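You will see chain A twice below: alongside chain B first, and alongside chain C after that.
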Partner chain A sequence: MAQITFVTSDNDSITLEGTSGSVMSLAVGHGVKGIDGDCGGVCSCATCHVFVAPGDLEKTGPASEIETDMLELDDNANEFSRLCCQIEISDAIDGIVLTVAK
Partner chain B sequence: MSATESNGGRCVVIGASHAGVNFAFALRKEGWEGEIQLFDADPMRPYHRPPLSKAYLAGTDKIEKNLLKAEESYEREKIDLHLGIKVAAIKPGERTIQLDDGRRVAYDKLVLATGARPLLPPIVGIEACSRVSVLRTASDVEHIRNKVKEQVSSRVVIIGGGYIGLETASSLSKMGASVVVLEREERILARVTAPFMSDYFQRLHAAHGVSVLTSKNVVSIGSSRECGIVICDDGSQYPAELVIVGVGIQVNQELAEQAGLIVENGIRVDGRAQTSDPAIYAIGDCTNHFNLHYQRFVRLESVQNAVDQAKVAAAAIAGKQPVYDALPWFWSDQFDTKLQIAGLSAGYNRILTRIEHAHCFSVWYFKDDTLLAVDAVNHAKSYVVGTKLLKDKQKVDVARLTDRNIDLKVANLILE
Partner chain C sequence: MKNSVLPDPFASAREKRGLGEMVDQNDPVTMVLRHKDVRKCAHQYKTFSSEDIPGRIVVPSEVNIRETRQLPFELDPPRHGTYRQLLEAWFKRPLQADYQSILRKQIEELIGQALLQSQVEVVSELALPIQSHALTLLLNTSHEEAQKWISWGTHVFRSEGEALDGDKAMVLYDYIDEQIERAVLHPGQDLYSVLLASEIDGRKMTKEEVKGVLVLTFAGGRDTVINAVTNAIAYLADHPGALERFRQEPEIIGRAVEEMIRYFSPLTHMGRVVKEDTQVCEHAIKADSRISLCWASANRDPAVFENPDEIVLDRKINPHVGFGFSHHNCLGATHARQIMKILLSTLAEKVSTIQILKCKENIEMLSDFQRKVGYDTIQVKFNAIK
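Moving on to the complex of A and B:
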């Protein structure tokens, strides 16, 4: 079980609880604004871009190579960027805060 | 149009897949205060379609894990979903649609997101053989999954070596089926990619035990008690417990035709996704639009087009002046290979290949010195750089592009 907080572009803060699946699925399932997941979660569309809070990067780990490449589609991407379809929900990421890029 | 007129009334959407559903949510986001009524003949909650031939087919997930939007999202956004309901006709004169059960629903704006259905080619016995299946809906996949699982080492023949056929072959072979793909052309993916790509995917499938046979023109399908038999015009025969037809699609354009809209290889729409009737818009696979990037009419079968046209139609109906100018993109997952495509390669007269290593390369399509498209195999970087060059219509320094010692970056590839 993990609690994940999303901060949207409207500065809304939404905390959701999940046990499995991807963070993108959790967000889309609850209608978190700005996370679209158009490709269904296969790292093909880059519409689930989030910034991981600096202190939480240790929990999520950094973006993989393909993710880093895909993130370059967004000029605002930085070292805290992840495509959240590539973050699996587990106890290890409990408490993380993600700022939605869009 | 006054603000009130552009934000209220009843918007009816026919088709609740990627285009229809994304449109409904986008219209709410644009500030539409009126009703949004979404109709689809498919009884399932709207789901992602691309995974159906890929991970979803080979996996064990239920469709609930694969929904486009959560159930409560529709309630929250006040989008009324009417599933399992077929629309029988559109009456543009009186601005109503007629449902299969005879009921009529009035609209102020109508959006057609009717998509497409698999094409059944004129093969003798194709309709009569109970072992023949297509792959477009969640229930098609359910059927195929069950058939393959209920028999140890099922034999599957797939007619058509396009993306759907090859993705399905990959998924079914992962599930343990013995798969034969029969392609009519001399090479697979002939209409959509360069020979280099066809060769690569042919070898990829062979390495995983899928038998991909080309120049195989299927003429009839017969059946014995145990299996179906697929017969080609060269006399060869392929027995199979399951035959899957993946030779392309047919646009669901009949409602539009009967309503008198301009239809030509899809429902004709302008850059605002508007049809020849100002109260009716059309989006997604069912449309034929004038593509600004390629300066010609294009019909696309893709998530990108569905989602981007949905946004454009929503903005237009909300009274804005959007322009559809998105660059087409696609992807395909087969075995552990990821193909990403930026742009449309049709009309190319020159190809350049940049090889990073054996399973990691990109093919760049040009017409003279204009870049048209990029196929990136296991190399997202090429896809991203290609996308940027295409979007900005940059002239590419081809000598540098094919030089592996030069880092693949936009700045390194622009022709000064």
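Moving on to the complex of A and C:
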């Protein structure tokens, strides 16, 4: 079980609990604003872009090559960027805070 | 070779040069073929612009058959973003449950009818009706309009034997003009009325701008959706196990849709106008020439996709560019994805097997390349689940 906090563009903070699946699916299932997950999580659409809180990068790990290839062509991306369809929910990421890019 | 195979005509050129050349009405096009280059060029809008004479970024060029600028398609950022933002919420409506339930009813009814026939010509009797009925939902317009659109035939701009048909384009433009006038007199809840009432930069959208959005919506979502639906049915005819798999593992349908979009690449490529002398793939490209971003080639790039020429229904990582890439990615993608998801789940629910009786392939001629994009006609027999 992991608690994940999403901070949206209008500064709303939503904390959700999940046990498995991707962070993107959890967010979409609860209608978190700015996370659309259009492609369903196959890493084709970049509509699940989040910024990981600096202190939480250790928990989520770095972006994979396929993500960075995509993110390097996103003008808003920085070193804290992840596509959250590629973050699997597990105990290891309990307590992370993600700021929604869009 | 199975009927449903869509060969990759770009493989050798993509590997050797990364580029292809195409002749088009005295305005040649350099086709960008590698996944990485395609995404990079799509992103670099200042060098590779969408904003030129209306129709020029389309291949084959439409400069001789239209003057209306398609919006937001034929603008660059930041202006592009202003229009795109205005439209975004409307074009995400397909995520709503009631939208999906009406779409499902439409598709179930059309598949139900197809099951009663001894044979069905998929392009005109199934794919075109699915596309047209679904479009009434996207525009939130009267369901009866679908019959009129079906009567126009499968191509708004292209007709047999002629790459570009100005008369057919006029039918669409006249129709949209009429609809805009109707919406001015009797505003409703449809896209025409909503756009007429919306504001851009502190002023009302003009009729010409509304027309620009509607022309894009009609033209961009017509043969693309028709090809995706038709190719999916041909694939399922050749691979009956896929329908069984969707019944057993419905959760893979979303991935299967993405994979089909990758493999079919319903839109082969889209052009850009080069704004400054530059280089692509170590090849000099002159200002005011055209390039095209070849989605179909990028989607088979073995540098990115394992077994690129196979449909892997549950492909997990699939950074395809079937809906384009970056600022201009497909506005209608949400709608198209729902059509495809509901189509696959409805077929899995009702159909056991599909037999292809006869078909004629639709081959695009692209100078150096010939690409099968789908079918001109394909006769099939649907067999119901007993």
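The rule is simple: the second predicted complex is superposed on the first by the 101 of 102 C-alpha atoms of A that agree within 3 Å, B and C clash if a C-alpha of one lies under 4 Å from a C-alpha of the other, contacts with A are read in each partner's own complex, and residues count from 1 in each chain.
Convention: a contact is a pair of C-beta atoms (placed from the backbone, for glycine too) under 8 Å apart; a residue touches a chain by one contact, two chains touch by 3 or more.
All values reported here derive from a predicted model rather than from experimental measurement.
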Clash or fit (per the criteria above) of chain B with chain C on chain A: clash
Partner chain in contact with A:21 - chain B first, chain C second, else both or neither: first
First (chain B), second (chain C), both or neither touched by A:29: first
First (chain B), second (chain C), both or neither touched by A:88: neither
Chain B versus chain C as contact partner of A:56, first or second or both or neither: neither
Which superposed partner A:40 touches (first chain B, second chain C, both, neither): both
Residues of chain A touched, compared between chain B and chain C (which is higher): B
Partner chain(s) touched by A:69 [first = chain B, second = chain C, both, neither]: both
On chain A, positions contacted by chain B and by chain C: 36, 38-40, 42-45, 66, 69-70, 73
Chain B-facing residues of chain A, complex: 21, 25, 28-31, 36, 38-40, 42-45, 65-66, 69-70, 72-73
Contact set on chain B toward chain A in their complex: 18, 48, 50-51, 54-55, 65-67, 69-70, 72-73, 76-77, 303-304, 307, 331, 333, 338, 340, 379-381, 383-384, 387-388
Residue ranges of chain C in contact with chain A within the complex: 36, 39-40, 42-43, 92, 95, 254-255, 257-258, 315-323, 325-326, 329, 333-334, 337
Complex contacts: residues of chain A adjacent to chain C: 36, 38-45, 66, 69-70, 73
